[in-house]
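Scrolling down, you'll hit the structures one after another.
Shared between the two complexes below is chain A, which has chain B as its partner in the first and chain C in the second.
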Partner chain A sequence: MVNTSGGYSAFSLQEALELRASQDVIPYAGGTDLMVGKHRDADYLFLSRVPELRQITEDAGYVRIGAAVTFSEALASPLVPQLMKEAVSGIAAPAIRNAGTFGGNLANGSPKADSVLVEVASDAKLRLVSRSGERTMDVDGFCLGRGRTALRSDELIAEVLMPKQSPDCCFYEKVGGRSALAISRVSFAGIFDTQDGRISNIAAAFGAVADTVLRFRQIEAMLIGRTIEEARALRDSYVAAYAEQLVLTRGRVSAEYRRAVCLNLLNAFLSQCGL
Partner chain B sequence: MDTISQSVVKKDHGPKISGRSIYVADYPSEGVLCGRLLHSRLARARVLRVVVPELPEGYYYVDARDVPGDNNVNIVLDDMPVFCRDTVEYIGEAIGMLCGPDEKLVERLRDECRVEYEELEPVTDLRAATEAFFSYSYGHGDVDRAFAEADRVYDEEFETGYQEQAYIEPQGMMAEPEEDGRMYVHGSAQCVYYIHNALTRVLGCGPDGVRVYQDVTGGAFGGKEDFPSILGCQVAVAAHSTGKPVRCVLDRREDMECTSKRHPSICRYRAAVKGNRVTALDIDVVFDAGAYSTLSAVVLQRGIIAAPGVYNIPNVRVRGRALKTNTVPCGAYRGFGAPQTFFAVEMLMEHIARDLGLDALAFREANLVRQGDRTSTNGVYHFPVPLPAMIDEIDRACSYRKKRLEYAAEQSGRWRRGIGISLDYHGAGFTGSGERDIIKAVAKLHKYRDGTVEILASNGEIGQGVRTTFPKIVARELGLPLDRVFFCHPDTARVPDSGPTVASRSLMVVGELLRRAAIRLKAEWVNGEEQEVEEHYREPEFQLPFSLDRFEGDAYPTYAWAVTAIELEVDTWTGNAKVLGAYADFDVGTPIDLNVVTGQMEGGLLQGIGYSSVEKMDHDAAGRIRSNSFSDYLIPTAKDVPNLKCMLHVEEYPEGPYGAKGAGELPLVGVPAAYLAAMEQALGGRGLRHVPFTAEDVIGALAKEEG
Partner chain C sequence: MDRLQEIRFVLNGKEASYTGSAADRLLDVLREQFRCTGVKCGCREGECGACAVLIDGLLRNSCCVAMGAVEGTSIVTIEGYRETARFAVLDRAFAQLSAVQCGFCTPGMILAAEALLSAHPHPTEEEIREGLSGNLCRCTGYNAIVNAVKSAAEEGEGLW
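Then we have the complex of A and B:
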């Protein structure tokens, strides 16, 4: 452990968790949001040299991305799913991708976080650790809106668990105000899969349009277990259900614009799935 | 092309690229007080009382009571106070300044100041504004008769928004009392003598009582034409009051909310058309001046003079007003009033042509001015108007005519394409008789014993290259290597007043003075002696006197010309537009340095694309600008730079050095109309009338199509 003027640097997960539990610190991985944030006088817990948080590994069910893995590292890894790479490659600009991390994107608690959108669409899980133990939770329940998360004050995000899957179709679109260094105004990720001719997964996640990433599992359920033919027949009512549910907030752009673009992207996704 | 056009390494390239340049924020803080402005939070209110927290020793609060001279900043009408009078007129107006050694403590003390206001009803909506700072009108011919005899009549209204200069270095000035009682003021600026003159009034001293120096300046684009006079007076008052050096560098949000930007506009155009000729234009131009008049008079003049565009219209009536609103005062930004009116007139030509079933470019060509024609103000286009040749050059470069036809076919699917073109000019130099009657530029050359020559002129390097191009001119005339001629940042204690760094005038006007001075110096050259020569501005003999009362005569001695074509592709899913290519042909006369000119042309084009598309800034009903950061106010990034193809068409101007004309502002002016014409075509030809035209506007337009 090194106590620097801006806080503490940890060199192992154990050390990091001790500090996290005993000190009033803000976890700091890449720092790309914190550096421009308002906590100039806070004590930070610097995590970029904690080896346990910097690995990308896999097991039978998951690709496990450490919380302090940077976006550039993920782009270079053969393990990271293509859909995630697509989203990550559109984050900010190279310098920020070299520093920004998966854990930071989550902990920032923003519905605009591009990696979080893919995690929600992919049914990813998070492994949260503390000095007293660990827990695994769905990423969907982690972000509570407006910068709030389910992370306890003694916890750190250890890993993102991306389910291993090879779906029939993936769809991603980020709508920013320009081509780089753009905060998402609308983002969309879709995953579509069939088994034995029937739809086994049709995940649609909408980012940057509400307090959290939006996913409507009850609407998705309309099509789960259906054949392509049946789903085609249901397409209009399926889209209409989204149109009804997408009650959006205004931000840098109007709610009407966001809604129109969400529906355009949903329709494009469905067409790409052959529905 | 003239050999002088060959590019050299810019003289300021090394220090800037290596990070060795000293900007105003870089001077050591020791012994310097940090100043932080206390801004109004209301758009209009009487300030009853400012309760300042108890200040530790060495900390100060200064306001209007500390102004030793007159509490008015000299700009045009001098109505802007250094610190507010009994009322504040816009959100962000400076009420006072907190100063002290520790920046964080100064900020805390500033935030602890409590201002007691009596709220007054503000006017924030331009359409509700009635008070005109300036109201001009001019015209010629018989407009009413032309309308009575017209085949068709058109009536359209066009709107443009704010544009923020987005220079990389925010505004910053520093004032240091000198031992002899003189006040030394320096910082990020364009016009040292504007600041100098403003200071003498505010400090109540003679011209020798102040000295102003331009520090290395990180971009300006017009944004550092008037504001440094205001901030310079504020720090000078603080330094005068405290007896210590005071520096104030704005933070980005403060800069975006409280400093000048491009005037929003509403232009109403009525046109009479007979056959394929526009026989009359009846034009009403309204600019949002903001709360104080600052530079609005001259911005409006340039805007209304350009209002009929590059066309020979026999009957013209133009009315222009700069209206007061309780919002941030608008000022100078590349183009200076002309982008607004050129946008309007070019879109009008586009719409009339479509209505007549004519090709928009051919219709424009049928109405073009030619050499010898009268200008809008009954001056004369004394020199060739190369637009027809330039149009052909652009057409060859981007197949404009072919693509225009191709994209006119009905398009479906996700991506839709369009291409648009616009024609414009930039009147080179100050408007009217300003150069002769107001500026009266003087420039000097000082030769040292060792044979090196220093240029003494007040024009500031703001990225446009004058520290390089001025020496190139002088070195060429003297037959010296470029490293024997140098030009430092101007210091009013050392350089004569060769005028401000504005209006694309420096190279054309002051560059020519320097060329003449160099010819004289060469004739008088004596080895081993220190020598100085001085040149004064002379109005070209051909120039018809300009009357500002009647708006009559040569508003400009000559014109730089541009043809701009934008090709874009609209994403109908998201509303985003991708510029596939921006092609432009510029006649700026002889380029004094190809790299410098190309950099200017490409940069201006890109700023124009931003202005037309993503650069959206407005204020809410309370008068507050919300898009006050670079995550809210987007400008194009490197990844948004399209295929930019800039070409030069050289018509030499005999009164400019080696034929050079004004260049810097030209590339931005024509972009909005070319962009929106391309957008209009991509969206199927419906009439669009405002910029910026954002992704939201695209989705809105498409929804109408379906609805």
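Then we have the complex of A and C:
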């Protein structure tokens, strides 16, 4: 009996891109989300044996995490930034972390994706590849809404580019119903850095509260270039600006509750930064 | 880059193949075609761990694995694991410490314990709880299971 349905397996990136361009396939990396909302009539393109998607490498500016790298593999790598490890170690449970991948977390298009939150806070980029070429874009611009991304139907996510940075302060917190196997109700990642006594970066990203991960660069700009003293004086109006901007969608828990948690986490982050 | 014709893998040490759809769930195939009914179906969405198996030594929920993804791998279910000396130690510890009540979660718990002890032969209580965190039990309240894994680690000194 010959199998005529269900999928294709690729053993190189070139093969995967040929199949992606010529067939109607759903890219399958870890399967943990795909197999829950199963697409019965679709063919899968199995990517877990594509070596180009399985590597974690680094260059001068970035740590590059392949799209089919699992969360467990990232936790075992000395290259992956600590903030990312903190977020990834809180995903589900070991059996899911042994399967779930960075590419899958992105392509699933959920604002609750814990690795995506850290990518947005870190100004990470994505390398998207197709038979006709490749492009690099900000993770922030890739996520368009629930289940919607900028990925074209002939493209695959090749890797996540995490900027190499050693900030003064990193902050991550996930609020869920329990510690394991919990989908985030609110998640927060913050990165703070100074240069010559002035704030050079104060990124704050909020997950699971809207259609995409939220980040407000115009509010961050209030504190960029300020001294710590100046920033302390501005703290109240800075938090108030977030309070005004955080208009949250209703979810399983009330918008009011999640807004309060967002502001509490923001305040905890600012305190940890010494502001 | 061929369309998958036949999916070949090793199941509990023996060559196996599957000619159905590559999109079929490993959980269903293990139970229905290979009669490995120790692999339990609890939630079908990766939340309960009752269907856990080892794929190339790593703990995975078989409900969240499509058959196309198991090509070339080696799968161990409780039916294969029960033949090992390590299982005998876990079996004794679970029985002695009353870590089994209805038994539905037990195959997954045992394989999660195996995955944990392979990585941490002398686990702390926290490591045991983390290792079993994806496996739900509605009977025992977990403490008995945690104690059983701790006891197995001590009794089975040198096996892991």
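What to note about this one:
Keep in mind that, in the parts below, the second predicted complex is superposed on the first by the 269 of 275 C-alpha atoms of A that agree within 3 Å, B and C clash if a C-alpha of one lies under 4 Å from a C-alpha of the other, contacts with A are read in each partner's own complex, and residues count from 1 in each chain.
What we mean here is this: a contact is a pair of C-beta atoms (placed from the backbone, for glycine too) under 8 Å apart; a residue touches a chain by one contact, two chains touch by 3 or more.
These numbers were taken from a predicted model, which means no experiment stands behind them.
In the overlay built on the shared chain, the residue A:Ile183 is in contact with chain B alone; chain C does not reach it. In the superposition on chain A, A:Ala10 makes contact with chain C only, while chain B stays out of contact range.
In the overlay built on the shared chain, the residue A:Glu18 is in contact with chain C alone; chain B does not reach it.
In the superposed model, A:Ala93 makes contact with both chain B and chain C. By the touch criterion defined above, A:Tyr44 lies against chain C but remains apart from chain B after alignment on the C-alpha atoms of chain A. Contacts of A:Val253 after superposition: chain B is touched, whereas chain C is not reached. Legend: residue contacts after superposition of the two complexes on their common chain; A:Ser72 is shown touching chain C, with no touch to chain B.
Once the two structures are superposed, chain B and chain C can be ranked by residues of chain A touched, with C on top. By the touch criterion defined above, A:Ala241 reaches neither chain B nor chain C.
The intersection of chain A residues touching chain B with those touching chain C, taken from the two complexes, comprises 93, 179-181. By the touch criterion given at the top, residues 414, 572-576, 578, 614, 631-632, 634, 636-640, 695-696, 699-700, 703 of chain B touch chain A in their complex. Chain C makes touch with chain A in their complex at residues 1-7, 19-25, 44-47, 49, 52, 58-61, 63-69, 71-72, 112, 115-116, 130-131, 133-135.
For chain A in complex with chain C, the residues that touch the partner chain are 1-11, 15-16, 18-19, 28, 30-32, 34-36, 38-40, 42-44, 46, 48-49, 72, 92-96, 98-99, 179-181.
Residues 93, 173, 175, 177-183, 185-186, 252-254, 256-257, 260-261, 264-265, 268 of chain A are the ones that touch chain B when the two sit in their complex.
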